[in-house]
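Several structures are given next for inspection.
What follows is a pair of complexes built around subunit A, which joins subunit B in one and subunit C in the other.
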Partner chain A sequence: MELFLQFCINGLMLGMMYALVAVGFTLFFGVLDVIVFSHGDTVMIGAFGGLSMYWWLGAVYPGLSLTWTVLWVFLAAALAVTVVGTLVARFLIMPLRKAPPLNTLLATMMLGTVLREAIRLFFPDGSNPKPFPHLLPEWSWQSGSLTLRFDNALLFLSGAVMIVLVHLLITRTRLGMAIRAVAQDEEAAQLMGVNFTMIVLATFALGSVVAAFAGVMNGLYYNEINFGMGLLLGAIGFSAAVIGGLGNIYGAILGGFIFAFLQTLGAVALPFASAYKDVFAFGSVIALMAVRPTGLIAEPSSQRV
Partner chain B sequence: MRHHPSRDLIIPGPAGCVLMATALLAWSILFLKAEEQIPILVYMISGSLLVLVAALSDLHKSISATISSNESSWDKCMTLTLLALILIFHDDHYTLFLLGTIMVYATAVLGLNVQLGYTGVINFSAASFFGIGSYTAAMSSAAGLPSLPALLLGGIVAALVGCVLLLPVLRTSGHYAALVTMAFALLFRVFLEVNEWFGGPQGIAVAPLTLFGLDFSQDMQLWGIEFSFYVKYDLACLLLLVLAFGFVRRLERSWLGLSMDAVRCDETAGACFGVDIARWKITAFTVGNLLSGLAGALYAMMLAYISPANFAFPDSLLFLSILLLGGMGNNWGVILATVFVVVIPEKFQVIQEYRYLIYAALVLFMILYRPMGLLPRKARNYGRLS
Partner chain C sequence: MFRPMQIEHLHVAYGNACVLNDVNMEIGPKRITCLLGANGAGKSTLIRALVGLTPPRRGSIFFDGEDITRLAPHRVVAKGISCIPEGRRIFSKMSVEENLLMGAYQEKSRGEIKARLDKVYDIFPRLAERRGQLAGTMSGGEQAMVSIGRGLMPAPRLMIIDEPSLGLSPALVKENFRIIRSICETGTAVFLVEQNVRQTLAIASYGYVLSQGRVIAQGTAEELKSDSQVQKAYFG
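Showing the complex of A and B:
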């Protein structure tokens, strides 16, 4: 029972991370009808941005309190990723809007390779995994073999808060209304006075901030980051967004948790070695696509995001 | 009245083909023989300048007119050029291996071309099917199967495994179909790495090709000349490439290719005119995987040792990039782009480390500024029928 609970907790953590990545995929698909496959690598850039900030703080303000360090790390990650994300949107995604979907997908995959290789080659000692600092207090609550770590709970809660904030932003603010308008019908939105370019860039900035959060969260959770982590994260985020139903935020969140559930299930509950968990999870995604080709929450033609 | 390009031909008929092939051969020999970085760079730049001049002037029109009006002589010239290269570098293991790799990759990408270029079936796991061919050849020859059946089995198993993906691929479209094949590519690599039976992450040794008692892994001496064992493999690769090329081109020009074009261009319109969409997608997907698998099996035998890292998702992306770089649907484009993508990083040791960065950036620019590729596919020509 305790073991079961432990796996549930780990699965929920993973699910939250995947959901945060998937939300980005689905937001971009909503406004521009493109899959930005480099989003996973954007997450990686966020983690590396946060790490650089940590190093810099350590060199310049050695005695800074943990709270401020964490805030600055998040801020640096968010800033780095937002700059990358909006530049990509402006100079790669928007010019390719009229291109066939395959070209856009391939272009963003290539962009992901460029980002990955750039970090590997140009970040100091970038080809080796980097230890990510423990920045959260390491209290934990133990009951038998069950360990509930305070830092993980904090990460999970802040991830949930992040999702709620995105939800509120999309449903309750003028900016959110404009994003939904563009997602629904770009031309009509423009006729109503929505600045299309600004809204697209704002959406990419929003998705990027969420990605930066996911990146730092990933680093804090595993205490290690490497240049290649974005590829799998991106593939998982994309899978999550697709099995949930592209263009639907709730679908993306659902998809993220489903993928984490599949991985956990593959790791513990099935009669083969836990190393097969990714094989099982991706196999299930393929099977799910055969059964529900448009995702669990199908993309309605008139409404997205 | 439309000016017919063959009127102002500078280079006449079959002789022109021979002339161009000889020039190409001479340049390739110089380029492949060069070992210092400076001469390589000089040949490279002079070659690109020549191509640029041809592209900017009207020369490229007469070249392509010569090629398309003397197709069979051009095909023969190209085959002979490759054959000549193999014989000229008969004792140079490294160059021969490079040539073999080019031919094998080109065969696999021709398979991808049938899927994506002709029919528009998205496949992000081309390297996985290539890998299935490789691993099938390794396992079946380890189990005692003779080489030739093992080679064929590689293609057949790749096609059969592809059938598992058929249902989700047929039911989905666009991004959703991309996801299915991508998930398969990721799954395949992880599966190979964790499965002990397939050698795990270290990989597995492959028995060499043996045909009619001729062991392909031994160097040999003929008329007092030393021949590298790669000569035999290269000849096998050349045979496979020529067969695949001929097959793919026949396919393109037949009514089958026409139906595939209809599926790619407009599924709805095609279906209205009685084209069975599912049938052609299945055909293209299976034929493409068969070719990839065959190429993979031969590659495994030539390499003698394979590991999961050879067939990862970035390799599938590499295959796709070759297709896109060469020009979707154009078979000569596939071969040209394969040569670029395989040879350039091998010859420029300086950029070896940066090669993925450079590929990726190059393909990005291609997609942004020349989405049709180096040699865009031409519209069908029915001129000679009338």
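Showing the complex of A and C:
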């Protein structure tokens, strides 16, 4: 039982990370009808951006308090990813808008490779995994064999806050209304006076900030990052977005948690072979897609955001 | 004086398919100018060109003397042009009120937005009752009100309307025409694309007839009523 609870706690953590990545996939699909396959690698850029900032702070302001370090690390990650994300949107995805969707998919897949290779080749000793610093207090509550770590709880809560902020932005602000309008009918939105290019870039910036957060969270959780970490995260985030019904933000969040739940279930149900938990989870996703091709949240396929 | 729109030697094409050929028109102030034409004549294409959705191959479009030919739609809107597109195109997953707010997207003043909202609710009390309802769940007639109300929200100087009565009952069509006339009476120039020739010519001052991408007739409403081309095309 305690083991099960422990798995659940870990699963929630992972679910939050996946949800944050899936939100990006679903946002981009909403406004532009494209799958940005490199999104997982954007997450990786975020983690490396955060790590670089940590190194730089260590060299320039050795005595900086932990709180400030964490804030700066998150900020650097967000900045790095927003720059990469909006540049990609402006110079790769917007120009390919009139091309068949498969071309965009292919282009973003190749872009993902470029991002991974760039880090591998140009980041100092980039081909080896990098230790990610412990930046959060390492308290924990112990009850029997059950451990609840304070830093993980904090990460989970901040992820939840992030999701609430995205929700408020989408539902309550003028920018959010424009994003929804573009997602529903891009031409009608333009006729209302919405600057389409601006909204697309803003959406990519938003998705990127959320991804950056997931990247740093990933680093803090595993205390290690590597140039290839975005590949699996991307596949998982994409699956989560599909499970939830592409284009639906809340579906994507739900999808993230479902995927983590499946992984956890795989690990619990197959204790002799927990290395197969991803196989189990992806297999279940494939089965799910066969049953519900448009995702779990039942909506006509044309509706989004 | 305000000269809403001049269209000069406009050529529009989708890919290789030429849809409009050398179209010349003038939309006058304080009146309804109408555009008639059979299905596929190119009426909606002309409107897409005017608002910047399909930039023309050649020719010019002037709004109040200013060249707006290749401006992006949001810049055209900023000049004071609003468009009620073919098929209404309301945001079906937004509430009625959000749809109206989208109409005033470029207006920054909250007070002004509120005043315009009240005005639209005044014209369409039905929308006021249903302001929180998802627009996609409204009836066809109510959705028509949403699209017209949304088109009024930017307080436009020129309103371009593409087949507003499509799919409405005769009673609603009549109501629609009454509202369009009252919009014009408040000083907004109206460019109206319609298939209901009799009712359109009853409220329009001037009109053009488009056929296969060319203007084949034009004149005052009186002239058009007796024009042989129009007679042939519509009154058989």
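As a convention for this text, the second predicted complex is superposed on the first by the 296 of 305 C-alpha atoms of A that agree within 3 Å, B and C clash if a C-alpha of one lies under 4 Å from a C-alpha of the other, contacts with A are read in each partner's own complex, and residues count from 1 in each chain.
Methods note: a residue touches a chain if its C-beta (ideal position, glycine included) is under 8 Å from a C-beta of that chain, and two chains touch if they have at least 3 such contacts.
Keep in mind it's a predicted model, so treat the numbers as computed, not measured.
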Q: Examine A:A99 and indicate which partner it touches, taking first as subunit B and second as subunit C; both and neither are also allowed.
A: first
**Q.** Comparison of subunit B and subunit C by subunit A residues contacted
**A.** B
Q.
For A:M1, using the defined touch cut-off, is the partner it touches subunit B, subunit C, both, or neither? Pick first, second, both or neither.
A. neither
Q) Is A:I35 touching the first partner subunit B, the second partner subunit C, both, or neither of them? A) first
Q.
Just checking: does A:R180 make contact with subunit B only, subunit C only, both, or neither of them? Give me first, second, both or neither.
A. second
Q: Figure out whether A:V194 sits in contact with subunit B (first) or subunit C (second), or with both, or with neither.
A: second
(Q) A:G283 in the overlay: touching subunit B, subunit C, both, or neither? Say first, second, both or neither. (A) first
Q. In the superposed arrangement, does A:A118 touch subunit B (first), subunit C (second), both or neither?
A. first
Q.
Touch test for A:A59: subunit B only (first), subunit C only (second), both, or neither?
A. neither
Q: State the interface residues of subunit A toward subunit B in the complex, per the touch definition above.
A: 29, 35, 92, 95-96, 99, 101-103, 105-107, 109-111, 113-114, 117-118, 121, 231-232, 235, 238-239, 242, 246, 273, 275-276, 278-279, 282-283, 285-287, 289-290, 293-295
Q.
Considering only the defined contacts, which subunit B positions touch subunit A in the complex?
A. 116, 122, 165, 167-168, 171-172, 174-176, 178-180, 182-184, 186-187, 190-191, 193-194, 313-314, 317, 320-321, 324, 353-354, 356-357, 359-361, 363-364, 367-368, 371
Q. Can you list the subunit A residues touching subunit C in their complex?
A. 174, 177-178, 180-181, 184-185, 187-196, 303, 305
Q: Over in the complex, which subunit C residues touch subunit A? Could you list them?
A: 51-53, 72-74, 77-78, 82-83, 85, 89-94, 98, 101-103, 105-106, 150, 154
